[in-house]
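Same chain, two partners: chain A is paired with chain B first, then with chain C.
Right after this comes the complex of A and B.
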C-alpha cells in the first residue's frame, strides 16, 4: 500500500462518526436502489407471466387483421399445419387452439353480450392457468359437447348456476345464424373483471360446429419456455409460416407485447416514473455528500496548510482527498449492495404481501404476494449511478484545495 | 331505418299533394307516414357485402303503424325461420333451431342486425326521427325536376339516441331519398340512400336501399324489395311472440 493510500485511509478514520454517517447515507441510497429496481423488475415479470398465462400466451398465430377487428371470417384455416411448425420449433413449451365469437348469451330471464371462446380442453390446460380458475363445478373434459364454462360475474348477471341452460345466439363464419343451448358445467373467476364478466368457454369442436368454422380456428396460442426466448421463437414461427402453402400466407405471428399493448405501456410508464424518483434520490444523496466533503475540508484547512508548507504538491493533495472520498464511497456502495441484496433476497424467497392493495392488484391479474427479482442489472445499475455521481461530487472540494495558500491556510483555525 | 323501408302506406299525402310551404317537422312526419303507411307486408332481399365476401338473405316483413314490425328470414334454408319482433323500442329474436325467444338487452341495441350494416337500433327506432329530433330545413335542391328538401335533424337534449345529427333528403312528394347518420363530433358514420324509384305497392318508392359505412368503401348492405303491399290493417296477433315463433305466411 502506497503512502498516499495509507494516509487517505487514516484520514477517513480520523473522524469516524462523520465518515460512517457518510458511508451510511451512500449505503442507504444504494440499498434502496437495489431493492426498488429488483422490486420493479420482479413485479414486471409477475405481471407479464400472469397476464400471459391467464389468456394470451407468449405468441399467437392469427389471420392478418383479426387482432384489430375480431372479424369471425378472418381465420387460421388449417391449424394442423401451424401445429406442425410449433412441434418442430424447439423452445415452444405448449400450444393450443382457440376460436372466438361475440354472441348473445341468454338465461331464462336475462340476456348479455359475451365473447364465446372455443377451447381445446386438454391443450388449454398446458398453455393457460384457466383450468385452475374454476371455482364451481368442473373443467371441460375431452368428450364434452354442449357444456359451457361461464365467468363468475357473467353467471351472476345471468343468474345461472351449475347445470342451468344458456342460449347462445350469434353469427357463424359463413354469415349464417349460430344458435345453440349449452349447460353450465363450471364457473370460473380469474380476478380480471372484464374476462369474468364477458366470456364463456365451450369445447372447440362444439364451437366449430355451431359457428360453421369448417375446422378453422382464430388463434393458435403458444407458450415459450422462457420470456427471453419470445423474440427468437417469433422469428422461427414466422419463417415456418412463410414456407407453408399460399392460403396460409395471410397469417401473422403476434407476441404478447402486441397482444396486450397496455401491459408494456404500463411497464414503460412505471419504469420512467421510477427513474425520476431514483434521480431525485441520488441528487439528494449527492448534495449531502458534497456537504460532508466540503465541511471536512474547511475544518482541515490548517492541516492542509501544514502539508503544503512541508512541500506537498497541490496535485498530490488533490489525489489524497480523492482517495479518501472514493474509499468512503466505495465502502458505502459495497455495504449498500450487500445489505440491499440480502434484504431483497429475503423477500424474493418469502414474498411481500401488500395489504389493502389486493383489490387493485387483482384487476391487473396479479397475485397478492409479490416477489422482487434480484438480477445482475438490478443490483448494479443503482449503486453504479450512486458511485459515479458521488465521485463527481467529490471532485469539487478536491480541486478547491489546490487554491489554498500555505501561509493563509496555516493561519486559519 | 329498415322498418322505414319495409313499410309503406299511402295515407296522408298523395302523389299530387302540392308542395306547399311546409315546415320541416311536418315534412318528416309526412315522409315517415308515406313509407310506413298503416300496415304493410313485404319480401326483401338483404345483401351484406364485404371485401371478398357477400351473403344474401330473403326476409318477409310485416309492419303496422309507426312502431310495430316483424321480420322473418325465409332463405337461405339454413337460417329459415329466424325472426325479429320489434314493438316500440323493444326487440326480441327467435331462433327455430334452439326454439327460444331472446329479448335484446339495451346494451345490444347498437350491434349489427344479422351481421348487416343496420343496427338493432336502426330497426327499433324507426319513428324516433319524429319524436326525438328537432328538424329544420337546411336547403332545397332540384333533382329530376322535383324539389328536394335537405333536412337537418338534431336530437333533443334528453332523447335516447346514439347519433349526433342526421340529415334527410325528402322529395316534394314525400319520398325519402337518403338518410345520413353523424356521430357526436358531427362526422359522417354511415349513409342510407334510395335507388330505382318506381311503383311499389301502389305508390312511388325507391326499390333498392343501400346502407354504406362512411370510412370503408367496400362494405355495405343493400335491401332490394321483391314485393311490397300496403294494407289498411294487420291483426295485432301478428306482432306477438307467438307469431314470431310460428308465422303463417
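Right after this comes the complex of A and C.
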C-alpha cells in the first residue's frame, strides 16, 4: 500500500510544471468557491439581520389574520400576558409592542395617507435599529405624548420640519373617529423609500389613547439571541400562548420567514442561481484538467506495459493512477481552501464596497459595505464539489489504462 | 505556412485537442448563455418598469418629480401637445395622465393609493393597463364613476367587482375632495406592489373630482425605437420652457433599474474573466504538453536554422486554432440555446415571492446583446493568446543541443 502511495507521489513530481499548473487550476476553482459561498452566506446574514432589525423582528405575536389584512380590530388584547411568556422564555433577547393604523396626515400645506405606528420608545430601541435612523431632531423619550417621528420623504412631501404640527385623522379600533395633533420631534431615514415615504411613529400610549385601543396592541415583536434559536423560541412562545385564557387563543406566532416571505425565497433563488454558475465553472475546470490526467498516462504507455509485463494486476495499476490524480486534486483543493480562507478572512475584517451597487443595496436595507462570512459550510461545500467532480474526471483515464495489452504497450514509443 | 503546420500539429493528437476544445466550448457557451439570461432579466425589468406607467420619456410640470402634488400640474396641456406633435418621431405614442396620491377606503379598510386618471384609448397604447384586465372590463371615456383596481387591492379591502370605494385627495383649491367610485374592472400586474398601488379612473372624472379643469399631471411617451430616448428628451426640453416643464427619460425616472443594469454589466464581465481563468489553466497546460513532447522536433527545427521567433509564431498559431475552433462551436451552441430558450422563455413562477422581492420578472427571455458576445469572444481570444505566450516562449528557448539529447 505504502509502496503504491510512494510511487504515485513520485509520479506526480516527474513533471512538476504540469502538476503544479493542474493544482493551480483546481486551487483557483476551490478558492473562488470558498470566497463566493462565504460572500453569499455573509450577505444572507446581513440581509436577514437588517430586515429583521429594521422592522419585523425574529418573531411576532399577532391576532390571527392581522398579518394579511392589517385590520385595526384584530388586536392582541392583553400584551402584558404575552410579555410574561417572553420574559420566562430563555433566549429571547428583547421584545416590544407596536400598534399600527392607516391614517390621513395633514400639515399646513398638504395631506398624505400614512401608516401611523405606535412604539414603546425604550423597548423599541432594544429590538430594532429604528433609534439610529433619526437624522434630525431626536428620538422619542419615555414621557412624550403628542410627539411624532416622520419619515424623511414624507416630511418632504408634507413640507414639515422639526416642531411643526401634524393633524392625524383615522379610524379607531371601535370604529370611532380618531383625531389628534402631534408635533414633529424627529425625522428618520432608513434608505428604504417605501418606509420613509409612508410611516410616522408616535408613542404607544398616545396611540392607544387616540385610537381607543383599550390597552391592546397589534404586534408583540421579539428578537431572539441568535437566528438559529428562532424555531425553538417560536414553539416555546406558541406553547405559552396555548396556556393562556380563552381570549388569547386567537393569537398566532409568526417568524421572520412568514413575516417577509420574499426574503427567504430570494435567498433560495440566489443560492440556486449561484450553484448553476459554480457547476458550470467546475465543469470548465474539469475539462481543463482532464487533459493533464490523460496525458500523464498516455506518455507513460511503455512504462505501464513494463509494469503489466512484470505481473502487476490491472486493478493495482488503476489504483496507482487514481492515487496519483487524487494527490494532485487534494493538494490543489487544500491550497485553494487555505488561500481562499485567507482572502475571505481579509475581506471579512475589512469589508468590500461594491462600487455603484450602493443604491440597489439600500433599497433592501443593506449597508454599502458587505462582509463575507467564513463558516465550516462555506469553506467545505465548494471544494468538496470540486473534489468530487475532479475525481470523477480522473476515473476515465484510470479505467482506460486497464485496456492496455503489455505487448502493444511495450511496442509503443 | 505557420498555419498549415499548426493545423496539422493540433491534429497529431486528436484526443487532446478535442478535450481542450471542449473546455473552451463549454466556457464560451456558458458565457454567451448566462450573459443572455442576465440581459434577459435586465431587459424584462426595464420593460416592466417602462410599462408600469413610466414610458420612455415623461413630461411634468417642474418640481412634480420631487414633490408630486396637485399644484405642480401642467395647466396648459396644449403647449405640451404642440411640442409633442412637432418633435416626436413618427410612430411614437403618448398619453396624458392625472396622477395624485389619494386614500381609498371602504367600510372596513383604508389605504394610500396612487389615483391615476387616464384617457382609456391612449393609455392602452403606452402602458400595461390596457391588456391587464383580469375581471370585469377596461374603462371607457364616459365612465364617470367607474374605477379599475388591482387584484391585490381588492383582496386587501375584501371587496370585489361592482362594489364601491371612496377616494379622497386634496383638490386644486387645497380642500379635501372625496368621491365614490364603483369597481368596474380588476387588473393583474407582474408585481403585487403595482396591484396595490395604482387605481385607475378616467381623466375627466379625476379632473372633475380634483377641480383641475383641463390640467394634467404628466405625459408619458413611448418611442418606436429603443436607443434614442436621450435625444428626443433633449429636443423636447429645448422646445418647452425649462422654467415650467421638465422632461426625463426612463433612466432618470427609474434609478433603481438603472443601477441594477449597471451592476449586471459589471457582473457579466467578471463572470467572463472567471470562466476564462478556469479554462486558461487548461489551455496553458495542454500547449505546454504539446510543446514538451516535441522538444526533439523543435531542436531539430532550430538546428536546421529556424529562428526562435518563428517557433513562437508556430505555437501561437496552434493556440489560435484551438481558440477559434472552441469559440466557433461555443458561440453556435450559445446562439442555439438562447434561441431555443427564447421561444417560450424560462418560467420561474414557482419562485414568485422571491422574484418579487428581488424585483425580477416571472418569465425570463434571454436576450443576446452584441456587446456581450463581442466581449466574451474578445476576452477568450486575447487572453487566450496571451497565456499561450508562456509555452510558446518556452518552446523557442530550447537549445538545439539539449533538445536533440532529449528522448
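The criterion applied here is as follows: the second predicted complex is superposed on the first by the 412 of 413 C-alpha atoms of A that agree within 3 Å, B and C clash if a C-alpha of one lies under 4 Å from a C-alpha of the other, contacts with A are read in each partner's own complex, and residues count from 1 in each chain.
Quick note on the criterion: a residue touches a chain if its C-beta (ideal position, glycine included) is under 8 Å from a C-beta of that chain, and two chains touch if they have at least 3 such contacts.
Just so you know, these numbers come straight off a predicted model, no measurement behind them.
Undergrad: Sticking to the clash and touch definitions up top, decide whether chain B and chain C on chain A clash or fit.
TA: Chain B/chain C on chain A - steric clash.
Undergrad: Thinking of the overlay built on chain A, is A:176 touched by chain B (first), by chain C (second), by both, or by neither?
TA: Touch status of A:176: first partner only.
Undergrad: Look at A:265 in the shared chain and tell me whether it touches chain B only, chain C only, both, or neither; answer first, second, both or neither.
TA: The second partner, chain C, only.
Undergrad: Considering only the touch criterion stated at the top, classify A:291 as touching first (chain B), second (chain C), both, or neither.
TA: Touch partner of A:291: chain C, not chain B.
Undergrad: Contacts for A:280 in the overlay, against chain B (first) and chain C (second): which applies, first, second, both or neither?
TA: Touch status of A:280: second partner only.
Undergrad: Who does A:87 touch here: chain B (first), chain C (second), both, or neither?
TA: So A:87 meets neither chain B nor chain C here.
Undergrad: Could you tell me if A:167 is touching chain B, chain C, both of them or neither one (first, second, both, neither)?
TA: first
Undergrad: Quick one: name whichever of chain B and chain C touches more residues of chain A.
TA: Here the partner covering more residues of chain A is C.
Undergrad: Tell me which partner A:132 touches in the superposition: chain B (first), chain C (second), both or neither.
TA: A:132 contacts neither chain B nor chain C.
Undergrad: Which partner does A:110 contact after superposing on A: first (chain B), second (chain C), both, neither?
TA: A:110 contacts both chain B and chain C.
Undergrad: Just name the clashing stretch of chain C against chain B, choosing from 22-30, 40-48, 58-66 or 130-138.
TA: After superposing on chain A, the stretch of chain C hitting chain B is 130-138.
Undergrad: Which parts of chain A are in contact with chain B and also with chain C?
TA: Shared contact residues on chain A: 104, 110-113, 171.
Undergrad: Given the complex with chain A, which residues does chain B contribute to the contact?
TA: Contact set of chain B toward chain A: 48, 50, 53, 55, 73, 76, 78-79, 82, 93, 95, 97-98, 100, 102-105, 107-108, 111, 114-115.
Undergrad: List the residues on chain A that touch chain C in their complex, please.
TA: 15, 17-18, 21-22, 24-25, 28-29, 32, 69-71, 102, 104, 110-114, 156-157, 170-171, 198, 260-270, 277, 280-281, 283-285, 287-292, 294-295, 299, 354, 356-357, 359-360, 363
Undergrad: Considering the complex alone, what residue numbers of chain A touch chain B?
TA: The touching residues are 73, 104, 106, 110-113, 167, 169, 171, 174-177, 179-181.
Undergrad: Which of the residues in chain C end up touching chain A in this complex?
TA: 15-16, 19-20, 22-23, 26-27, 30, 34, 66-69, 101-103, 108-113, 156, 158, 168-170, 176, 255-256, 259-260, 262-263, 266, 271, 274-275, 277-279, 281-286, 288-289, 292-293, 348, 351-358
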